[in-house]
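Note that chain A is present in both complexes that follow, paired respectively with chain B and with chain C.
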Partner chain A sequence: MVITGENDVAVQTNRSGGRVTVSRGLVTIGVATVALFVLSAALDPASVSGTSLSGMLPVAAVLAIAGLGQMLVVQQGGIDLSVAGGISLALIVVTHVPDGDSGRLVPAIGIALVFAVVAGLLNGVLIGLLGLNAIIATLGTNALLYGVNLEISGGRPRITTNLLADVAGGTTAGVPHAVVIALVTLGVVTLLVKKTVAGRRFEAIGSNRLAARTAGLRERRHHCLTYVWAQLLYCLAGILIAGITSQPTAYSGDRYLLPSIAVVVLGGTSLLGGRGFPLPTVVAAVFLQQLVQLVSVLGVSPAISPLVQAAALAVGVSLYTIRWTALVRRLTPDRAAPSGAPT
Partner chain B sequence: MSHAASTLTGAPTVMRLSGITKRYGGVTALSQVDLDIRPGEVHAVLGENGAGKSTLMGVATGATQPDEGTIAVGGTEVDSLTPRSVTDMGIAIVHQHPAVLPDLTVLENLRVALPSSVLPLGGGTEAARAIVDRVGLDIDLGDRVDTLTLAEKHLLEVAKAFALDPTLLILDEPTAPLGADAVDRLFALVRSAVDGGTAVVYITHRMAEVRQLAHRVTVLRDGEVRGTSTVDEITDEDLLGLIIGRRLDSTFPPKPDVRDDAPVGLRVTGLSGHGFEGVDAEVRRGEILGVAGVVGNGQTELLRALAGLDRFTGTVEAAGTGLTQATLRADAAYVPADRQSEGLMMKMSVRENAALLALTFFRRSGLTSRRRELDAVHRSMDSLSVKSASAEAPVSSLSGGNQQKVVLARALLSEPPLLVADEPTQGVDVGARAEIYTILRETSERGVPVVIASSDAKELEGLCDRVVVMSRGQVVADLHGDEVTETRIIQAAVTSTAEVVADAERNRTSRLGRWLDSEYTPTLLLVAVMVLLTVLIAPGNDRYLSAFNISNLLLGATAVGFIALGQNFALLTGGIDLSVGPLAGFLVVVASFFVNDGSSAVRVVTGLVLMLAVAVGVGTVNGLLIRFGHFTPIAATLTLYIALGGFAFLLRPTQDGYISITFQTAINSTVGPLPVAFLLLVALVVVLELGLRRRRWGLVLRGAGSDEDAARRVGIPVNRTIVLAYVAASTCCLFGALLLMGQYGIGDPSQGSAFTLTSVTAVVLGGTALTGGRGTFVGTLAGALLLQQLLNATTFLGLGSTSQYYFQGLLILVAAVVYTLLGLRRRRLAGV
Partner chain C sequence: MSLTRNLVTGAAITSLAVALAACGSTGSTSNGAEGPATRVDGAPEWCGTKKIELGLVDGYGGNSWRLVTTASGKAEAAKCPSVTGFKYADGQGDVQKSISDIKGLVSSGVDALVVFPDAGKAVLPALTASYKAGVVTVPYRVDPGGKAGVNYDKWIGDDFANDGVNWATWIKKNVPDGGNVLFLGGPAGNSQSIEEYEAMRKNLPDSYEFIGQKPFQPTNWDPALTQQLLTADIAKYPQIDVIVSDFGPTLVSALPLFAKSGRDIPALATTDGNSLSCFWEDSQKTSPFKMTTVTTGNDNVRLAVQYAVAKATGGKVPSADAFKGPVFEDSVSGEPNPVQCRKDLPGDTYLSAEMPGEEQAKLGD
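And then the complex of A and B:
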């Protein structure tokens, strides 16, 4: 697989050693998102109204958090299909255990976190230590998570606690709390990955596992723990859903499986592993969710939304994988300037 | 000794290379090289690493296209050579790294690599037996190649070449991994081939072998022919002189005058490990230890052990302190030979690479301080004079020499107790080379023991105070002081007659072992589980074995089965097809517009043709995106997954379009309790399974998935094979869709996507490896049946969907763990 390596960093202001760097993924998805909002306003102002945004943003926040978890796994060259089971189990635990009693919410969250750690460790041991394929291991874990889920819920939804509805589903000064939580999560993930020793090593390991091992880093331990961090983020996403939705179903996590992978890819993180891009991942979540919102406001066929998503994904990936300049040069009939500088 | 000797004689040539020049970027790999190869003669090509031997053979076998020069084969000039045309001309090559496909058996490897005129596709086991017997390869034809030792793989490669009865045979360092017996046997074979008129080109490092085998010898150095002679007419001294030559001296820093009573810097005692044995070495503080030898004689393995990366026995002491493997791994600095794949994170910046191991020094209240980090990196970049646009430039944008300095900066910033460097100046220009020598010398003078392995003896002479020379894993010379000269080092390396340490005798597989290793073991395990389930459930439930339940169960399994067969094609190539589920669903939606009650036959046929066109189209798009768009299989097929779901909703926003009852009845028809469709599925599985083992397409498919690079070298068209595999995957979905038409009876845009994960589960249960090249269609069928049986059993036992999830999850995890452990066992047995 050939990945052109030189374009991770597109814009670079070289002030005092280049502090400000904007990733190519951020430019791409940022421009696309702005364009989408402009288009939304032009087609139907209702799609960017306060009501519309307050409906769209909390869901985007959930997707953003799940996407950040998926991003950590993808950074290590893996993929996590148990995102669906993780989210669903968390939301079932925080609705079924308290059963409407806000006083029991905190222990319920504790239980959900324990499940998340166990599920993450299961994935991590199977993949990071035993060397199982990530698709298979997380597929199996996902089924087990749904088994536990149905054991607890029997497949029936329960009404969420008022406390969680206020904290996770409420708004302050018009800003949905879910958005604040997502932004804080983004900040924490960015800080941990980009500014701590462990985080920096984590990125290096994802970038070249062989070199990391040769350099003496504990690459297996990092690889294993990745799946725990991811499950903790899915757990948070599940708890948020339980706050936003009054009666979340046992399978609510399923609709986040493919979008969580899509936002990671749209954000510029390579499925082969390497550097992760948290901010673009979050922006991509807003992009996808606004797309869904626009389609529903316009009342056109719901088929448009997946089709645009697929197109965005194809364009997004090919921006990184295909060397367009070389291709254009080869397809240009005028071969007068073969390997010279393109004009 | 004369350049003209070869051209003066009138003997016919098998191949004549004239004025061959090849440049890579600014580096000239070959310059005006002439080579005459005559029938009935062994022509040795001798030279050091990087002399241009392999490039020259690449030109002769069509793998490399020269920039200048002409090639004549059998007296006629040819425009260009390709690996394929070369084989047709009767030219065979034994690669230094054997082009064998690990997941195929010995017999299959022979079949896929040899033309059917030599080895007929069906049968021909006797011919194959003769081919391996000829080289003295004592293995079972049914052994999979990944269970062979490296030496056996080499002999297989040799066997393939001799089987072609070539007019020209090229052997590239053929004896490196072979034991004495095998070498004798190989030499005997070469001699008998030469007696039969074959021309042989023999590439080697070893002068002893030239004496034993060759009639003529050509010496290459720095891409130029330094001389051609008949072997009898040249002395060892003259040959050595041609190999070494007089080179421009690099500037080496002066060697320090270390007193005899100076403290010991590094002491290695009785060090043994994978690839080396009983190594003793000692240097005083301030001295640099060199490790010499022809590449591949245990130097890299020794260095990796010193860096704590591989296990070893014996002791390592630095500055009087014994160091364990764990300490060495954590603290010792290692500069690997392959800096692009093992040394650097190529996409990351200079700063990130340089700071990686010293990050704890930059910590300030838990977080890395950017200022401290930048200061340290800048200081280091200045002192090592790293030339880079900025510390934030990606390390891939630097020249080789500057990349190497970044590796050294990383090593030195971490303040290691020991610095180990493998080929530290490989691919580094002359200027940077001198700077790197100075860095290493300064490090040593600061008291950090430095160990360097290099295939360039001149470099070791200039840089090291003590040099151990290795051959076949053992130290064959220990030079110090004035003895550290290029001539002494090369002499020790090329005249050694040491033999390979423990010519790893393969653990002969027991019958149980062989059974565990079979690709059909998973199928048998699944069948056993199915029988067990039946025995557990049937006695308490009369209806379980009723015709109704059986045909119901089998119909469900048939739909999954067809889709899983498709998935199996994708997995065999080492990819995955996430789009199979939505594709099956979408095809049902398409059918719901054409195959209705009252539709004319033409309309029905049009619909079916359209479905086929869609399936082939989707497979083609998947394959093209993966092979030519460089998408990962997941990214490509995920795109199609989402798009197909969209198209389904576009065509049928809600459930509509009833499938013709006649059609449904036909699809669901049974013979006794057995659905006709299921019987067809079984028939298809049998055909595919036989094809996968016996037909060329099967070998090619598994070969491409097994090892892409080796597949290409044996002439498999990898791109075409993989694209066609995705088309086959989609076509299988079409059959699955026909069954779903019978089960749903209506166009439903929301159906289908669940089949993606079910199909992956079925295929993995059946034992197909996600790494490609290994798997069966029978196993896939068994996997689909077991999944359906479990689904059916849970409802029968009134267990509900909870246990259904548990069963599925446990089943796939247990299967994956078992198969992974079997895989590990296999690799351990192969000694990899």
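And then the complex of A and C:
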């Protein structure tokens, strides 16, 4: 696997530092998030008030879950552009099939899960088995998912059932349920990837497919199933949006495409594959959503919001891929030409 | 593998459809029928005798409002037996697709085209090409720029300033001492929300202050974004006396935020929708608020269809050149209607529209 020298250092430190280690991604995004909240409070206290957080956190929770799905794919060196279609289809199924009747919610969720598995398998077969380029294949699947979406809904959203609104959109003791669901999801993903044999193999395959194959691991199966796990997480994200918004549109998932990739990168997972960082990914989702919320509260032009997200992505990529110490060394004349050099 | 085969079949069908659309006939050479007005017996006076095919292009068809509007357009066209064919295309919010939809329908040989030009001036060249190809071209609701008789036959607008005036009148009557007004509009820069804002500003004295972004808070008419922006607004402004929104149903998921923050729901001046009216009714016991709605204007398309069909079939062209949406509900005076909630119908029906709620409920199934 090709990663930068600094990442290598970080990995080595982690290995020698005992069982509990803090990844570089978590430190970076953690510090950035704390700094952002301090900055928000300083610029406009309203942006960190309870009301503001109650609007921001559920959306951040949805983004975190979609980001975890994207992270699994990125760990295998892939990228999943069908995240938008997957989210949109799930929310259309769980609002359109019950059509306001809470009794039909459970079957609807079942149908949404079946769609997610089928879409994931399609991606998995195309990319993992047939070796298609991930961008092209998932873009195609995305179009297909929207086709099914429009076939079911005619582009027309329905009102969320009361049950789903209570479960996914409600709060208990002031904590939005979506946040709890996101934290549970984080726990499950972390446990499966970090503490199970299959999960360890999964990461090893992402790091170096050739070595994994030589070691006799079923890398194709893992690679293929990644897309299924990812779609299941997008499906969960879609169901949550359906509960949070009373009448979600058929294209609601589109807003999560770029951010879902941005949070993975900001969390420190390399786009080239390998180790995944679930907790930093979730923190990055809070960071990104708070950034958007701050922009809204400050009341600056709506054009700024996508710019801010794009800038966050660019900063995230550069943080982890540019060898800053080498760059600084090169740009500092004293170090570039050591005093002891022969003349 | 059957999925792959389906994919291939789907792709084949799509390319065939595209090829067929591109190879169609080129349409008539003059815009509309010439000579004195004709009329089919028993049909409305705008229905002339020349047989035509009508096309309807939507820039973005992804919500129930559009679905009802499209069905209304189709229903209006069906009143005239001279309209022998009806074709519909949805741009799905993609400007490029909208442009190719217009060109595709023109080359497929429609005689008249009614267009919702969401992207405004961006689709003007396609409208002009359609007009020059001899198709009666009638954009409606969103102003595409350009001139009637040069770029298209006629633009049938909606008198949005009229809505602004109606809201301002109600606000002055029901929140008489002035206050903070929050206006939630559509996508940034859209002409509809700007016109409404200007009419309200002109008709409200300075004691009413518009808060938030000027001229309006851009929500893209998207419930999720509306909810997100409104949380920011509730956090930021301790005092909001009136909320104005030009797509009322998007507020339904956002309004409970006031109660959650321990505040009253402000007076609401907006457009109608069954989900909103039922929310108003449900809130009466716990957190009552005043509300007025103007009709959402699904029937704007009917006037545009009448105009296009009249021009193409040789019927009597309507004299009105803009749709004027009346006030629909007023929770305080009950005039012209008290708030109308129909629990037996889906939330996304628009009871102000000419098409009955029951028929709207069947759409999209």
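One rule holds in what follows: the second predicted complex is superposed on the first by the 320 of 343 C-alpha atoms of A that agree within 3 Å, B and C clash if a C-alpha of one lies under 4 Å from a C-alpha of the other, contacts with A are read in each partner's own complex, and residues count from 1 in each chain.
By definition in this document, contacts are C-beta pairs under 8 Å (C-beta built on N, C-alpha and C of every residue); 3 or more make two chains touch, one makes a residue touch a chain.
Predicted model only: the values in this text are computed from it and were never measured.
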According to the stated criteria, A:Leu191 is in contact with first (chain B), second (chain C), both, or neither; which is it? first
Of chain B and chain C, which one touches more of chain A's residues? B
Tell me the contact category for A:Ser252 with respect to chain B and chain C: first, second, both or neither. second
Which partner does A:Thr214 reach: the first (chain B), the second (chain C), both, or neither? first
What is the contact status of A:Leu144 with respect to chain B (first) and chain C (second): first, second, both, or neither? both
I'd like to know which partner A:Gly50 touches here: chain B for first, chain C for second, both or neither. second
Just to be sure I follow: which residues of chain A are touched by chain B in one complex and then by chain C in the other one? 140, 144, 147, 155, 301-303
Seen from chain C, its contact residues with chain A in the complex are 1, 3, 7, 10, 61-64, 66-67, 90, 92-93, 188, 212-213, 218, 222-224, 227-232, 234-236, 249-250, 252-253, 257, 260-261, 275, 346-348, 363-365
Under the definition above, what is the set of chain A residues touching chain B in their complex? 1-3, 5-6, 8-9, 12, 14, 17-19, 21, 79, 81, 126, 130-133, 135-137, 139-147, 149-151, 155, 191, 195-197, 200-201, 203-204, 207-208, 210-217, 258, 261-262, 265, 271-272, 274-275, 301-307, 309-311, 313-314, 317-318, 321-322
Could you list, by residue number, the parts of chain B that touch chain A in their complex? 307-309, 329-332, 334, 336, 341-349, 351-352, 355-357, 359-360, 363, 366-368, 370, 374, 378, 390-392, 394, 396-397, 410, 576, 625, 629-632, 634-636, 638-643, 645-650, 653, 749, 757, 760-761, 764, 770-771, 800-806, 808-813, 816-817, 820-821, 824
Which of the residues in chain A end up touching chain C in this complex? 44, 46-47, 49-52, 54-56, 59, 99-100, 118, 122, 125, 140, 144, 147, 153-159, 169, 171, 241, 244-252, 255, 292-293, 296-297, 299, 301-303
